[in-house]
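For reference, the structure I am asking about is given below.
A, B, C and D label the chains in the order they appear, each numbered from 1.
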Amino acid sequence: MSTDPQILVQAICTLACYSYLIKENFAYRIAEYTLVALYTSYQITRLFHSFIKPYWQNYAIGEKQYYFILMGALGLLLYTRYAPPQYRWLARYPIALSVGWGLGGAIARSPRPVFTQLMDVMRPLNTANNVLFFVFFMAVMSYFFFTTGKESKFIQGSGRLGRYIMMIGFGTAFGNTVQGRISLFLNRLSFLLTDWLGISI
Amino acid sequence: MKREVPLALTFLMTLLRFLFEMINPLLNYEISEGVMLFSRISFSVTFMYCMGLFMGLINLTRVHGNTIKRRREHWIYSVWLLIVLYGYAILGLFFGGLESEAFNWIYDAVIVPLDSTMFSMLAFFIASAAYRAFKIRNVESLLMMVVAFIVMLGNVSLGNAIWGSESWLGGFSGIKDWLLAIPNAASQRAIGIGVFLGAYAAILRVALGLEKRYLGGTDW
Amino acid sequence: MLNQLVLAADVKWGIFVPDDSTIAGLFLAIGMALLVYVMIQRARAGLPIPEIRRIPGLEAFEEAVGRATEMGRPVHITSYYQDVGDYDTWAFWAYLAHVAKLCASYDTRIINTNSEWLSMTVNEEIIRQAYLEAGRPDAFNPDDVRFMSDWQFGYTMGVAGMIAREKPAANFLVGYFYAEALILAEAGALVGAIQVAATSATAQLPFFVASCDYTMIGEEFYAGAAALSKEPVIYGSVVSQDITRVVFVILCIIGALLNTAGSSLLVDMLKF
Amino acid sequence: MEWLKRLDSIDPRWVYVIMALSLVFPVLKPIGLAISINKETTIPVYNWIESLQPGDIVVGDVSFSGGSEGELGPQLQAWFRHCMQRGVKVIMVAQWNTGERLGYTLLEETAEQLQEEGIPCEYGVDWVYAGYKPGGTTLWRQMQLDFWEACAETDMLGNSFSDLPLMQRFKKWDKATASDLIIFAAGDPGVGTYTTYFPDYNIYVGNVAVQVPGAMNTLRAGQIKGLLAGLPGAAEYELLLDKAGKAVKLMDAQSMGHAWIMLLVILGNIGFYLRAKERD
């Protein structure tokens, strides 16, 4: 059994969490509140030291890009969210700027992966798999027709096929995920057994 | 001032970024040797947004401060939360930060194991979900169950021992691969394209100023 | 230097960035922007635009609220990822307004849990408004709109604990979810709640389909929001999405036929 | 017969307890079931590293946190070992700040083992861990244009890039310096960053199982070239390297866990069927 205090704390945290499976309890609640607090403070530290500080030093001061000061001041307006209601609209300025910057990138860039996928649907229909893929894809697409072909028997039937295909897809995804979720537990288990209890596996 | 200016700002920033992403000379424009305009604008936008780093701290202080003030159920845990919150933040900000040994010790001792353990509880929940969900009520649940069974067998050595990958159709793992590559991929792709269309329409209506809810508030 | 020459040679139409699908993307952006604009303006002006078909699953909301009323237990509704700038949140608001209206008119308690402060204030406003419209503003309890944590598993455990304690009879998981999806749905199943899920998170759909009584899949989530709110902005978007989808389907058919015949014309166009 | 009907409603706690037991025992006493290697997913990743020349640079991305260490940790270590054995140089970035330190710890562990075995694996010469840089996907765009600047010219440990010999060859991240990359992804942000901003690079992925169904779609479309799928992916890679490690040992437990779930489903259906017949 390990005598390292860090490992002991890790083991206690792990067991406190699992106790929830039996019943919500004191140890679990302490762990939950601690985690929420630590995570928030970790984020603050991380942002400050690896971002705000170096960017301020390198760009605002080092390169004399003085608009960083303006942007920083605009960023401070975010805190008006917590101000009395008549000032809260000020927080919209930084939100508007950063949302806009993100959207422009998304508008320009996000269609590209979709086009790649569409091009792949257009494979020559010369193998069984290509044909099946094409049919399955079209069936699922037609399930999502909301305004087109409401009366068409063909679209309705194809939509129903699409729903079955989706169920097969979901079954596959579910079955495939089981190994991932078990791996998560095995990771904790090997920590408890090897690192804490010292049993070699 | 309250809404026209933010909407106009959104539009201008969207257009600016769009042009940067589309037009090659603009994307590669340098203010001076090695200093790229695109990167400086990006950095300043991120810099601005990161100024809100204390938002989470203020949130928690308000919520748990209220709990303590009104002596709601479990208020004593809220006291603990605030002590940890401020203690760790002060340690991180003023005592060495990310290089500080104490700071990283706590990170490794508490955050990492709690994070992984909570996540790992899914191993148990997926078992209870499978147990409840895969009861054959109709064609759809039958399909899901049969397929999930095959895929589970295809993923582990046990399935390989029953129907090996060298035999007809590649055994369970061969069928699993086919299921993943054809019906699953087809349905994922079609759903994904639908979601993309929903998302794309939404971002376009923001860019066009038809959507205002992202700015918050209910005074529209 | 060499690098720049190579770049210059590949630049599309003289100025465009030399990546795959730059020009095709530009056309999609312009085309769909026009479509969204026209459809939303038509919807606003009350001009005829295509009707959205019945979305299965929407009536499940009313049924579940009805059952909660009979049992005298509360209704719970939540969305994990709820940034105010996110389109999933806007769609979530349509569902929240619908459920809040139902709860207010049936006089059933509604609990809303949150992971984000700013959207929580909006949620509170929506629920308060619903109670006001139902003529009983006093029945609204602000303590039932709760902030959990903005950290994924902190939020998850808070919500799971709340579900175990308050035992809602209806559990609505509407919006964008990550790995917590299954935990929340299992917590609801343990207390015997009727569960309705609606999400565009493709990775979590299998778990919702497995553990909820009804699941609205992918884009049904947006279309449902349009049908519920009848809001021109959302309605017009859904119609324009649908038109674009039909265009995509037609393109795929033509492209596949051309490819089978040995011509990669359409693929080259999309790739440009 | 009455007890059979009760199978329709087993207390979840029994499900949890038996699940835990069925995972603990095979970990302590492995049965040694054979593992087959997936030709569609794992082999292409292995062949990719085999096809590289010593001295080539590949970029790796750690986009996971402690939660997914169980699946992606063994993958990352096995892949890194392979690169070092082949003399391929590795530069690591990280899209998740929560997993940055974890990724470094894992690689350092492997690097120490490798050096004990006499395989050169010197930090700064054979590999560099640039780590997490805030700024979202925009920053990854920036890395293509000027990697040094986007990373503020420092690695995760605070070393200046100019002191690291490997970084002299990697000022720009374009197809001439490193056209191949692998990302170990657990969610968002993840593979999307690369399929969106690096569409014409050779992208390989190490994925958690839950993401695999979605990734099969991108694999088929050619957006990614190869895929390591969950813990089995790691186990298969370890076997290909002939260096059976943690992942291989844990595969028996996987079998038992799956067996329990399948048994549960069967039992549940028996109970459900009997109850349903009774109601009729």
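We take it that a contact is a pair of C-beta atoms (placed from the backbone, for glycine too) under 8 Å apart; a residue touches a chain by one contact, two chains touch by 3 or more.
This structure is a prediction, so every number in the text was calculated from the model and none was measured.
Asks: Top contact pair of chains, counted by C-beta pairs?
Replies: After counting contacts between each pair of chains, the winner is A-B.
Asks: Measure off the straight-line distance from the CA centroid of subunit A to the CA centroid of subunit B, and report it in whole Å.
Replies: Taking the mean C-alpha position of each chain, the two centres sit 2 Å apart.
Asks: With centres defined as the mean C-alpha position, give me the subunit B-subunit D separation in Å.
Replies: Centre-to-centre distance between subunit B and subunit D: 18 Å.
Asks: In whole angstrom, what separates the CA-based centres of subunit C and subunit D?
Replies: 30
Asks: Counting only residues that touch at least 2 other chains, which ones in subunit C make the list?
Replies: Touching at least two other chains: 19-22, 26, 29, 84-85, 117-118, 149-150, 153, 157, 179, 202-203, 205-207, 209-210, 217-219, 238, 241, 245, 248.
Asks: Which subunit A residues sit where two or more other chains touch them?
Replies: 20-21, 35-36, 39-40, 43, 46-47, 50-51, 55, 81, 95, 99, 101-102, 105, 107-112, 116-119, 121, 133, 137, 141, 144, 166-167, 169-174, 176-179, 181-182, 184-185, 187-188
Asks: Can you list the residues of subunit D that touch 2 or more other chains?
Replies: In subunit D, the residues touching two or more other chains are 12, 16, 20, 23, 67-70, 134-136, 138, 141, 199, 210, 212-214, 217, 220-221, 232, 254, 257-258, 261.
Asks: Line, ring, star, complete or other: which one describes how these chains touch?
Replies: Graph shape, chains as nodes and touching pairs as edges: complete.
Asks: Given the complex with subunit C, which residues does subunit A contribute to the contact?
Replies: Residue list for subunit A touching subunit C: 20, 24, 28, 32, 35-36, 39-40, 81, 95, 99, 107-109, 111-112, 115-116, 118-119, 121-126, 134, 137-138, 141-142, 144-148, 150, 166-167, 169-171, 173-174, 177.
Asks: Which residues, counting only subunit D, touch subunit B once they are in their complex?
Replies: Listed in rising order, the residues of subunit D that touch subunit B are 10, 12, 15-16, 19-20, 23, 33-36, 38, 40-41, 65-70, 98, 101-102, 134-136, 138-139, 141-142, 145-146, 149-150, 158, 212-214, 216-217, 219-221, 232, 251-252, 254-262, 264-265, 267-269, 272-273.
Asks: Can you list the residues on subunit D that touch subunit A in the complex?
Replies: Of all residues in subunit D, those touching subunit A are 13, 16, 20, 23-24, 27-28, 67-71, 73, 97, 132-138, 141, 152, 192, 195-197, 199, 208-210, 212-213, 217-218, 220-223, 229-232, 246, 249-250, 253-254, 257-258, 261.
Asks: Mind pulling up the subunit B residues that touch subunit C in the complex?
Replies: Listed in rising order, the residues are 18, 21-25, 27-28, 55-56, 59-60, 63, 114-115, 118-119, 121-122, 125-126, 128-130, 132-134, 144, 188, 191-195, 197-205, 207-208, 210-211, 213-218.
Asks: Flag every residue of subunit C that touches subunit D in the complex, lowest number first.
Replies: Going through subunit C, the ones touching subunit D are 3, 19-21, 178-179, 190, 202-203, 206.
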